[in-house]
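Every chain is named by a letter (A, B, C, D, E and F) in the order it is written, and numbering of its residues begins at 1.
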């Protein structure tokens, strides 16, 4: 009977991982819709192809090699079996693989509307096989950073990946955007930022809601156990705090944009929701619900400032605001963890953030550079005018609707 | 070992609440898409902003005060902790909070295309902090109505909230719509109703499917326990009946509209699905599957009649049909419970419905009136012509597509 | 205590069925969005009506009679109760009913843009009451084929329904399409295939992601148990393999189309994802993750070839590629099972496939023919020009957007 | 015969159409256009950046008429457009001459075909 | 030079275009318009309420040609539009005179630029 | 008065508009059209089948001007369109005569109304 109970615990934890993993997988749809809504219609089919393609690449490459790099498990290509210790190993893999895809999804939005599709896919192959898994091995994997130091020694704490997943994706995106340059027409001759409007805001909103829902799996699953009172309480608390932070992000971004710009800016509000979610991800387990709401609200304000700052001051063109949402707010999320969690230290968070950023930014930068030199990463001016849909995919996303 | 079993039960019930809650949260996306699809494109960005904003407000205000009002739990702002008795308290809160948001979502559709965004948000703050929680306290909370009488004494039974959530939302909506008036151009000088077409029916259909899916969480979670044979059977039966009622609603509305109008009216069919769901919500636990299908079908017929009646006879302009779907059919749902459930009495259902309606309609009416007097609740004629997207949000939902 | 453990197992298995079933129900939204995105805008409202209508019909007719036919359970109309042996009977019904709807959904895409709505519904009634349940009774139901032979004797193995659900749907679709003919303008006077573009590719992509997510329920739930270590491991493995096959299908279709056509064809990529999923469905339990990826990739290549072949060589007009995705690839899925599963034989798979195809194709053919003779199955040329939305539903899906 | 081309506010379309059918104008062709005139475009906002939408949505009506109808048609359009008093953005009317009009169905030409 | 403006049924567009290219018309500009003529609009339904869509979708073709081409072009259009016999809604053709035509790329003017 | 109708590449719209406002043209009506000229359409792909999109997106500008402005306006348009040297597809300009122009708001007519 003892055994039956153990089996039940095993089954419940496995089931929990699978359900949470399915929710995280769903985030792939969220990123696709968000990005498809925020680009111009002439680049929509391409970004959809990019998103479904990168998800497939992430799932395959992480299976082939990345999982092994990150968790140093069994040998190459054979690391995944049904059996596990306290839950199925396959369920663990399933949950992990959707995280890689999430990190990679972040990149696609920032380089939208001008990057060559297959250059992006080539990047995705390396990112999901090596770049992400390596930094993942230093953090969740517990390995030391190139044998030099161990992040856990410094009190680095990143519950579900504000840094490991989100800031990492944003760092790769930043490196790419810097080498890629702004979209044609984004800045006029005086360097003034020209708005380029997203074509389909209901899609972008849908994407945000999907991400919000998927995030329950993202954070909730990161408790890594369900089948005991303690872990059940932890998962429940994480759900509540994740929701509260998203709500806080929405309210803060909405009000802040209303006061600053005079209107209730929908795209900023959507970014506020995501910022709230990113902000809480580093530590949804320790704050009270009220504090979680405030952390989310902090993210909501920061994201508005950051997007404007990147766009108008730094003149870094990020069509969907991915670098601000996932990078800047991801960092913020890491830095507020010590406020409510004694296991984390401020310096540990900083060192961790720096380590992740340095590694991902530099390695991605080199990779983008190599790709740029060999096959080129940017579509031609002519193709950009006509839209990446025609040049990369040979079709249009909304062929029947007359567009500007 | 005894203890381990208890922990497993605890974990399973908590997990069940969280999964059901995530499904209900998903309904927020459903309402957004449904409403975004049924308004004109010039009011789409605004309604999206409204929907994501109200969800955030509901989550925050219910946390700050509403939950406390409804379940008279611990003190202000501190009521939510991970720990609970037979399931995590946080999971319970999570499940409850998404219900408030649902009730509030109902309002947004009815007042669409003409209400001031921030007047609506102000209403949402009070509705989710006081109006809804108070009537919730009389029903699910078990408190007596202003110390006068107790609904449970009369045999009032509302399993998952046909009345408490749906009719309540519709009552607030009705009060708002009466003070707000019809959209410009909705009725010509002879009072003839002019159709105002929804701009994006695939979105509306998606929203309906999302709501259908989320409803499994809404009704299924309302069994409030899973970890025993009895409760598992109950949850399963609730799932099946919920699905059956939605199916019945679709078929009935489709056929009824076909016979009446000569065409298979898609928006009526969508409303039929929702009507079936609303109708079964008061008692998905007791009927057989066949009876559940018939209850849903009843809702499907009623909703078609009611929408036409409100639109053409009463000349109450409800762009998405929310008052009919959630109010009229919600009442119908309450009234059919005694047919299959001996714990409920017809008079109890009537008294309960009246209590909820009277409280919500009057308190909301006063609140709308106050808002109207102070800040105004309606956008200007000029802004209505140009669309609420420009006036409230400063952007358009589909800037590239040429519109009528 | 023994009893409590049994109850917990019972509860967990029931819960597992319900969650998996909700995911499969969600596939109805996936098919709707996929098809709505791949037809022209003038036929969009009609196909949405068709999809929600068929889902409702499937749920109702299977309840009324189909479930009884398939599993020979209790008497007509009373077969569904909460109670079950190792899980709730209602949960089992819930899971099964969404499968019927899936099979029926496959048909709607292939006959899109030219079939009469109510002829389709009439077909759906018979298909879900008799045609599908009968072949289901021979396979999952364990009954012998018209008392002649028993498929299990030959070593026929179809884990989650590559044949029983998908190929069956495609067979019914093929019979319908043959009697219906191609859409007006699909082939020019020389028989050259003219492309008819889908109006909304983001919707089609969303639909694909929804189906991908729902498929975890489809395959994962087909393990039929969760509450033991063995079954938990099996479910986890099925999840991982399902995901891997979809990823393999995407990559293969994307690359194959890129090499063949020179562009990254989005609609082919979407079909690749679905083909990967269909291919693995007959046996997601036995292959390793790598092999699952390859099976999916096989499906991805086959689907591209098959779609082009049907379209240009056979001149069979299938607007969404349903016959290729579900029929041809479904067959492929059946045939590769023996490679990794010793319980299945190649001949058994062939006999099973033939049995299903013969029955469904012939019975559907007769039914379509009868419908054609009595009420007609095709809308008029005039209505086809104007679009089925106006003729069948009396409204347009995107009334505000100017179209070609 | 004349071709009258009127650029009007979209919200005036049904008023103008009704007014014209009262004076027995039986054919109109309407096009959605973007207009740029004295009326300044309105300002929109995207992610905090303001920008001016310079081309405003207008409707262009093309109405082929006989020479005799000209004056009345112009007056009717002007009246229907100024229902709420004249405002900037109310639009313009252009008149040009038509050499020939042909009804495809019947092959009729000239004034009868209008 | 002449400007021929033909309002036709959208479904006739490719027929007309093919017929015109056979008689060596090399340039056409097409616009989606809404037409209101003798043809009554069709009835749609929304939530049980019927309403008439008065403006029907049409395509407007503008074709600049030399004076000599005029007759042939008109005949060709009429023929292509009446492929299934003449029906109400088949459309109209308007002819006006063009003072100048300029090809932007080369600066050519007059008949060569057509 | 003249009506200048220019069919241009959509991407040249803002250049042309700016150039025209510098020479004090105060009104423009722009329409999205599909053009078919010497420039061959591009090839798209759908499910592996190639097809030619024959009608390419263009923008039609209609500009009512006084007779005196004609030459300058034409030159300005040509210059703005050939910013990157002339290419096939750059477009065409048609000039016709206007008999009357009326500003609806004020009722002004003739050159002042332009």
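Keep this in mind: a residue touches a chain if its C-beta (ideal position, glycine included) is under 8 Å from a C-beta of that chain, and two chains touch if they have at least 3 such contacts.
Model, not experiment: these values are computed from the prediction.
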Fill in: Any chain in contact with chain B as well as chain E
C, D
Worksheet, complete the sentence: Counting C-beta pairs in contact for B-D and for E-F, the higher total belongs to E-F
Worksheet item: Just how far, in Å, is the C-alpha centre of chain E from the one of chain C?
Response: 45
Item to complete: Could you please state the distance in Å, as a whole number, between where the Cα atoms of chain C are centred and where those of chain D are centred?
Response: 52
Discussion item. Residues of chain E that contact two or more other chains, please.
Written reply: 31-32, 44-46, 96-97
Worksheet, complete the sentence: Residues of chain A that touch at least two other chains are 1, 5, 8, 12, 19, 197, 200, 206, 261-263, 265, 267, 393-396, 398, 401-404
Worksheet entry | Set of all touching chain pairs, with the criterion as stated earlier | A-B, A-C, A-D, A-F, B-C, B-D, B-E, C-E, C-F, D-E, D-F, E-F
Worksheet item: Touching chain F in the complex: which residues of chain E?
Response: 3, 17, 26-31, 64, 96-107, 113
Worksheet item: Can you list the chain B residues touching chain D in their complex?
Response: 385-386, 390, 393-396, 402-404
Item to complete: Spell out the residues on chain D that touch chain B in their complex, using ranges where they run on.
Response: 10-11, 32, 42-46, 57
Worksheet item: Within the complex, which stretch of chain E touches chain D?
Response: 2, 6-8, 31-38, 54-55, 58, 60, 74, 77-78, 81-82, 86-88, 90-97
Worksheet, complete the sentence: So, in the complex, the side of chain B touching chain A is made of residues 1, 4-8, 10-12, 14-15, 17-19, 21-22, 25-26, 28-29, 32-33, 36-37, 44-46, 48-49, 51-53, 55-57, 59-60, 63-64, 77-78, 80-84, 87-91, 93-94, 97, 117-118, 200, 203, 206, 392-402
